[in-house]
Each structure stands twice: as C-alpha cells, then as structure tokens.
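Presented sequentially are two complexes of chain A, the first with chain B as partner and the second with chain C.
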Partner chain A sequence: MNMYIHELKAGKRSTIIWTVTLLAILILYMSFYTMIKNDADAFVKIMEGVSPVIRQALGIAINQITSPLGYYSFVFSFILFLGALQGMNTGVNIISKEVRDKTADFLLTKPKTRVSIITAKLLAGLTCILITGVIYIIMSAIAMSLFTGETYNMTALILISTTLLITELIFYTLGFLTAVIFPKIKSVISVSLPVVFAFYFAGLMASITGDELYRDLSIFKYFNPMYIILNSSYETKYLMLSVAIIIVGFALSYVIYSKKDVHAV
Partner chain B sequence: MIKVIEINNLTKNYGKSRGIVDVSFDVMEGEIYGFIGPNGAGKSTTIRTLLSLIYPTSGSAKIFGLDCVKDAATIKKDIGYLPSEVFYYDGMKVKDLLNYSASFYNKDCSKRIKELTDIMELDVNKKIDDLSFGNKKKVGIVQGLLHEPKLIILDEPTSGLDPLMQQKFFQLLKEENEKGATILFSSHILSEVQRLCSKLAIIKEGKIIKIETMSSINDNNYKKFKVEAADEIGEDYFGIKGVTDLVIKGNEASFLYKGDINAVMQKVAGLKIVNISVIEPDLEEIFLHYYEKEA
Partner chain C sequence: MNIFKREMRANLKSLIVWSLSMVMLIGAGMGKFSSTSGASAEMTELISSLPNSLKAMFGFGNFDLSKAIGFYAILYLYIIVMGAIHAAMLGAGIISKEERDKTTEFLIVKPIKRHTIITNKMLAAFVNVIILNVITFSVSYKMVSMFTLDASLFGQIGMMMFGLFMIQLIFLTIGAAFAAINRNSKKAPVLATSTILIAYFLNMAVQLSGNLSFLKYFTPFQYFTADSILNEGTISIGYVVLSIIIMVGMLTVTYSRYEKRDLMV
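Right after this comes the complex of A and B.
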C-alpha cells in the first residue's frame, strides 16, 4: 500500500494536467456547437468541400455532423488522441522513471517481491487513468446538456466517452510493457509520441482503405462512434481484442519484470 | 558459527562479457568482512546478485540460510544496503524519504531515525534535491540502517563523506557490529578495509584470488626492518632464510623479512642497536603483492 500511495502522489500532478487539458478541449469545442447548429447548412457545405479521403480519415460523417452526437464524435477523435498519449505516457513513465532517476536500487532492495512492486505501480497508474476517464465521462454528459440543449441518446454518449477510458487503458498497457522491455528510456514523450502517432496513422489508413487488417492494428478505430450511435453497443470483436491486449500486455510485463536484471547506475 | 552469507560458485555473465566467475566465500555472523578489488573486478556484481537486483547465471547464494533469488523479499527485511552513489525521488524532503523507507519494514523506526539523523547531523526538513553529494550519502546511511538490519551490505560506502563524517560512520558501523550486525564491506580503498574488517576476500577480474583473516594476512606477510647499529654491519650478517631485499650501508641495514620472527630478532640482538623500526606492510602492498603474484 505504501508503494501504491507513493506512486499515486508522484502521478497526481500529471493526472490533473491531463484531465484539465482533455476537459478544456471538450468544453471549448462543445461551446461551438450552438453556432454550428445555427449555421448547419454552411458548416455542412464546408465539410463537403473537404476531401472525402480526409473526411474518412478523420471519421467525419456529413449526415451526422450537425447532430449533437455526430458533432461530439468529431470532437472526440482529437480527445481520443490526447487520451492515448496520456495512457502511453503514464505506462512508460511509471516503470522507466526508476531507472531514469536511478531510484531502482532504493526500491528493489526493500523487502518486497518484484510482483508486489509492479502490482503497486500498475494499480497506481490504473487509478490515475480511471480518475481521468470517469471525470471525463461525467463531464462529457454535462457538456452535452449544457452546450447542445437537445435530446440525444445518453447511452450512446456514455459508451463513446467510455472508449476514451478503454483506449487509455490499452495505451497504458503498451507503455507499461514497452518500459519493462526497454527500461533505459531517457525521455518518455520521445517514446510515447511516435508510438501513438504510428497507431493513429494506422487508423487513418484503416479509414481510407477500409482494410480490416489496418483496423485490427489501429487501436484508434476499435470503437467506431457511428456504430455506437446506431447500435448503442460496441463491436464485440474489438471489445474482446481490447481486453486481450490489456491482459496479455500486463501478463507479459509481470513475467519480464520479475526476471529482468536491474543494472548498476 | 552461523553463516550469514554463503556464496557457492556464483557466476554471472553479461552476454559475452565477464561478470563474476565461480565466486565462493562465506561471511559468518558478527564478522566485518572486507571485499576488495579494483573497479570492475566484480564487487558490485557480487553484491547486486546477493540483493537479487541481478540474477546469477549459475551457482547459488544464500543469506540467513535462504536462497537469494527465491526468498529475496524475506531476506531483505534484515538487510541494510548502502551503494556507492545514492539517488532518491525528486521533490521529497529527507524526512519523507526516511519515513517512506521505514514504511517497508513492519516496525516503528522513528526513534532510530532520530538517533541516526542526529549522529549524521542531517537536517530532515531539507529537500533531497537541495542536498550536497555528501549529505545525500548521509541520507543513504540513515535509510540503510534505520530498521536495525542484521546484515549491512556496503558497496564503496565512503565516497563523498568528509574525513570527520567517515570517522563517525565507521564508529556507527562498529557499534552496529557490537550489537550483532554482520557487515559486508566492499571497497577499493584498502586502508578502510584494514581499519574495519576482520576478514577479507580479494577479487580480481571476476574471480576470488585470496580469502584471509586480517590477522593472518598481517602475520604471514613481509615485515620491513630498518636497523641502525653502533658498529658497521657485515655484508652477510642478515643473510638468513626469509630475508630479502637486503641493503647494507655501513652501520645501517634494511630488509624485508618473512618467517619466524625469533630468528631475525636473535640476529638483531647480536648487534649494539642505536635505532630499529619494524613496519607492517599496509594492505595496499599486500594487495599489490597478490595482484602481481596472480598476474
């Protein structure tokens, strides 16, 4: 418990910054909704002027863009990218900082098993992400009510917003595993940004080509907001795939972390 | 006597690079055991394997009779470790770090923390980031000893400590030893080991080349004689077994001697002595002697 609390304290500042950033973007974009709604035809025309390839890549559905959930889905694609970055950063940092800050000797010479150490870290990171995710879900509902003033499918909204949490968890797992395999990471962002961009790019390719393989590879396209709006549910295959990545990623992290040498500073 | 540390044929390879090869030695309860060798000889590799920071390629190591790999967490309840360089979490105050360290042991360490910080003259309200290297080292000493460990493992512990603080630190170690703590003291500063340890192992290029008690090392080694007599000393006067490097200049003789001390003293007694000095070689010379012999 002491390690968990220590890690939570260490992650507090970063969690607050990320949460506030995500909420600020949500509120800023949602505050434009009334304006867009009032001038819906002009906005649709502008969107029609955008290349279909780019529209597909950004997941813009012309017929939905001026509805509350359609517009929210458009805004959400940017929020999802930042959320993925938060997840990846948190995972990479919580493991690699002990080597980077040379505190591994202090921690690993304490009477704790490696499993208990990695568990404390994992749970602390999960808590940070859960805090961001839950606050975001609540705030997204409030922002929708506040800025649209229209009726919408609340279940679909909650499901879409929850995909931020799921996506963050997947990237958190990937970051965690990456740092366990490559512990000597000097700069967190220099690792997490290219990885998140690579998956984002795969997502763009999935949208443009419609290729299932790209979609399987791109975490960003596991949860299609249009599908959620129409069905009020997730696609089972991608939900299962997400759960599998998280379980396998953490299981591998445990095995590798328990057996890895921690070299002198 | 109980073996506190028991190392058997411990080998650690870093890929194709050498770490340590077939290292074996035992440290008995209550001993202050020196572990000497130059930088890169394998001291830290041995210690890091004992602490399960790294895992052995082959061989085994036991502490308190328990396996260093399987029972690492149990063993570490009673180990205090001080590395050569200490690093702690940014933004923490000294007291926060010490309390965090204490929270790993199921006992109240507050009294001992107070005692140790007083001895080390440490301001617990300062932020660790603001401390000098020497003061960070003091934090390391306190955090390594605050839970009153049964085994203290020190890896080049005195770097960064001023002579006065080194004195206090050695005194502290002696007190811990008198209370029953066993100490493994790794260093390349031989005078430190000579001052503190009762037994030592010398490591060279990953292999143990000598294990001796300090008294045996001192007894079995050359003593330096310088004799000044009232009259001229004959060229072959000290030509007895065990004498080497003999230099005679008029009424002065200097030589190294190894063997029965009575034999040389009888020869000395045959002279009318003006002055005499018998110097024990320091560990530096012994160390070099072993290194040259094994080279």
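Right after this comes the complex of A and C.
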C-alpha cells in the first residue's frame, strides 16, 4: 500500500499535465467546428456545377467528415497520439526510474516480494491513466455539446472517447514491458516518442493504403470511429486483440521482473 | 578535437538507427505509391478548389496524388517531424548527458574551456544532422525518381531537404539551449520534445482555421511547407532569415548559460 501511494504521488504532476494538455487540444480543435462547417456548406453549394457522380462521392465524404461526430473523430486522432504517448511514458517511467535514479537497491532490499512491488507499480500507473481517461470521456461529451450545438449519437461518442483509455492501456503495457526488458533506460521520452511515432506512422499508412497488415500492426487503427458511428460497437477482432496484448504484456512483465537482475548503484 | 571525435563515436549507433528509420519511413511510404491511385482529372480539379481547412482534414493538402512528388509531399511533414525529433533529442542529450551520467566532473577538470567543449559538441551534432539529411535526400530522390524522372525533381526535393535542414538546426539549437539552461539534466529532452509537439499541434491548428494564420510564425513546421515549395516553387527568404535568427539566438543562450551555470556533479 505504501508503494502504491508513493507512486501515485510521484505520478500526480504528470497526470495533471497530460490531462490538461489533452483537454486543451480537444477544446482548441473543437472550437474550429462552426467555421469548418460553414466552409464545407459553402463549398457544397459551389459544387453544384460538376458532374453528379463526383459531386455525390465528394459530397458524402465532406458530409461525413464535417458532421459533429465525423469532425470529432478527426480531432480525436490527435488526442489518441498524445494519449498513447502518455501511456507509454507512464509505463516506461514507473519501472525504469528506480535504476536511473539509483534507488533500486533501496527499494529491493525492503522486505517485499518482487511481485508485490510490480503489482503496486502496475496499479498506480493504471490509476493515473484511468483518471485521465475518465475525465477525458466526460469532457468530450461537454465539448461536443458546447461547440457543435447539433444532435449526435451519444453512445457512439462515449464509445469513441473510451478508445482513448483502451489505447492508453495498450501503450502503458508496451512501455511497462519495455522497461522491464531493458535494464537501463536513460531517458524515458527518447524511448517512448519514437515508438509511438512509429505506430502512428504505420496507422497513417494503413489509412492511405487500406492494407490489412498495416492495420493489425498499427494500434492506432484498432478502433475505427466510422465503424463505431455506424454500428455503435467495436470490432470484436480488434477488441480481443487489445485485451490479448494487455494481458500477455503484463503476464510477461511479471515473469521477467520477478527473475531479472536489477543493478544496484 | 578529441571531444568531437568522442561525440561522433558516441552518437554513431543512434545515428544509424535514425537513418534506418528514416529510410524505412520513406521506403514504406513511397512503396505504397502507384500512379493509378490518383483521382480523375475532374476530381483533382475539384479537390484543388476545396477550402484549406477541408484539405487539411482530408490529409492530401494541395498535392496531385497521381504524381510521385505529390505523394512524397504528404510524407514530407512526417519526414521533417522525424528530423526535428532526432535533432532536438541530439541537441538536448549531447549537452545534458554529462550531468545525467555524472561525467561532468571528469570533463570539466580537463584543461579545456567550457565554450570549446560546447563548440566541439555542437559541431559533432551538426555533422550528425547533416549526415541524416544527406541520407534522407538520397533515399528520397532515389525513391521518387523511380516513378517519374522529371528535370525539376532534383530541385524540388533539394528545396524540401533545405527546409528539413533548417528545421533540424532550429530544433538542434533549441534542444541544446534547454540543456544549457536547465540544472536538472532530465528536463532538457522532455522540454525539447514538448516544443516539437506544441509546434506540431499549432501547425495543424493553423491549417484548420483561417483566422489563426498569425500563429504560423510560432511553428517552424509552417516555415518550409511542401505546399509552398511545390506550388510556388520557392523558399521564402523571410522564413530563412527567421530560422537563422532563432538558431543564433538559441546558440547564444547555450554558450552564455553553459559558461556561467553551476554544473551538477
């Protein structure tokens, strides 16, 4: 319990900063909605001269992306990137800091099992991410009503916003596992940023090319907002895949951490 | 000179990893290009008349996606973000690592002036940045010219790489300045990468909203856009001057602060 509280205190500042950042991006980008909607409406009017086939194709695309949920999904893709970074950072940091700050021998000589140490750390990080996730979900609903003023499918919104939490958890697991495997991580951000960026780029390629392989690789594309808007549910395959990654990741972390050599000063 | 050599060797591994990632990014991106993927002429024309905010949302900007260079232009933003991350972490790390690894004392008691140390370190970082740039240049040119061989291609990619180079130097000096200012060696890489994220999100905000265009001076990603290089065919001298002012300013901060600051041993 002491360890859990200690880790929560240590993570308080960064959790606050991350939550505020996510909300700031949400509010800044959502505030453009009315303007973009007007741009789009004006453009759809101009389009009347062109051939019906093209007008229809582009018209549907524009309507989709400038509907309240469509625009929110666009904004959400940036939020997801930051969230993934928070998750990865939290996971890498919570494990690697003991060795980096030379406090590993202090902690590991306490009459505590490795399992209880890693459990306390795991839960503390999880708590931080849950707090961010829940605040974000509530704020996303408020921001939607505030900036769009139109009716939308509330269930779909909540489902989309919840994928932030799931994505954060996946990256938290990855970060946790990374820090357990690599004995000495000198700088957290220089590990987490390139990893998250790589996944983000794979996601970009997935959406440009529509390639299934890219999609399985890119965690960012596991939950397609358009699918959620249409079906008000997640794709089962990717929900299972996410849960599997999280469970396997934590199980591996437990096994490795209980046995590994930890270098004292 | 010894410091320069030492830093070159110390950064060799990370330079190789970054270069490989850059090659992979360009390779994976351009590998997906096929000239048939572009829309019909009428569609292209219509798309080019879309309001800027919608273009930004659809993600294809002002480019002709049926041409290899248009496809490459979409990748360009990710290339400069990668270049910026590499440069910022290099700049921050090369100065702050002595304090992080507790080697400051060893270095600073050598009969070398502090500004000589900085000069050598910055030179090594500079060479690293140039190498990454040259590799990016050659791979980009190779990949794009595989699809189209146009006389203007070398000039276009050359200008984009000049833009990349400016961005790299801006973030290299920003990273170094953060490291020179901060007594806490852990903060420099975090602050440097946060600057990149802020610049990236500002860049998107500028593209989305018409009335925030004054903010473009605050995000280097707006200084040398593929849009202005390909569609206007020039690099704005004003932004080059602004970039140089930022670099000189940051270098001045780096030298003057590191010269006077109490170093953590």
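Quick note on the criterion: the second predicted complex is superposed on the first by the 242 of 265 C-alpha atoms of A that agree within 3 Å, B and C clash if a C-alpha of one lies under 4 Å from a C-alpha of the other, contacts with A are read in each partner's own complex, and residues count from 1 in each chain.
What we mean here is this: a contact is a pair of C-beta atoms (placed from the backbone, for glycine too) under 8 Å apart; a residue touches a chain by one contact, two chains touch by 3 or more.
Bear in mind that the values here come from a model prediction, so they are computed numbers and not experimental data.
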Under the stated touch criterion, which partner chain does A:103 make contact with: chain B (first), chain C (second), both, or neither? first
Report the partner of chain A that touches more of its residues: chain B or chain C. C
Looking at A:112, would you say it contacts chain B, chain C, both, or neither? Reply first, second, both or neither. first
Go through the superposed model and pick first if A:42 touches only chain B, second if only chain C, both, or neither. second
Thinking of the overlay built on chain A, is A:6 touched by chain B (first), by chain C (second), by both, or by neither? first
Touched partner set for A:61, first chain B, second chain C, both or neither: second
Quick check on the output: what are the common chain A residues between the chain B footprint and the chain C footprint? none
Using the touch definition from the top, list the residues of chain A that touch chain B in their complex. 2, 6, 10, 101-106, 108-113, 116, 259, 261-265
Chain C partner, complex, touching residues on chain A are 25, 28-29, 32, 35-36, 39-40, 42-43, 46-47, 50-51, 54, 57-58, 61-62, 65-66, 71, 74, 78, 82, 186-190, 193-194, 197-198, 201, 204-205, 208-209, 211
For the chain B and chain A complex, residues of the former touching the latter: 44, 48, 51-55, 72-77, 79, 81, 83, 85-90, 100-101, 103-105, 143
What part of chain C is in contact with chain A in the complex they form? 21, 25, 28-29, 32, 40, 42-43, 46-47, 49-51, 53-54, 57-58, 74, 78, 81-82, 85, 89, 93, 97, 100-101, 186, 189-190, 193, 197, 201, 204-205, 208-211
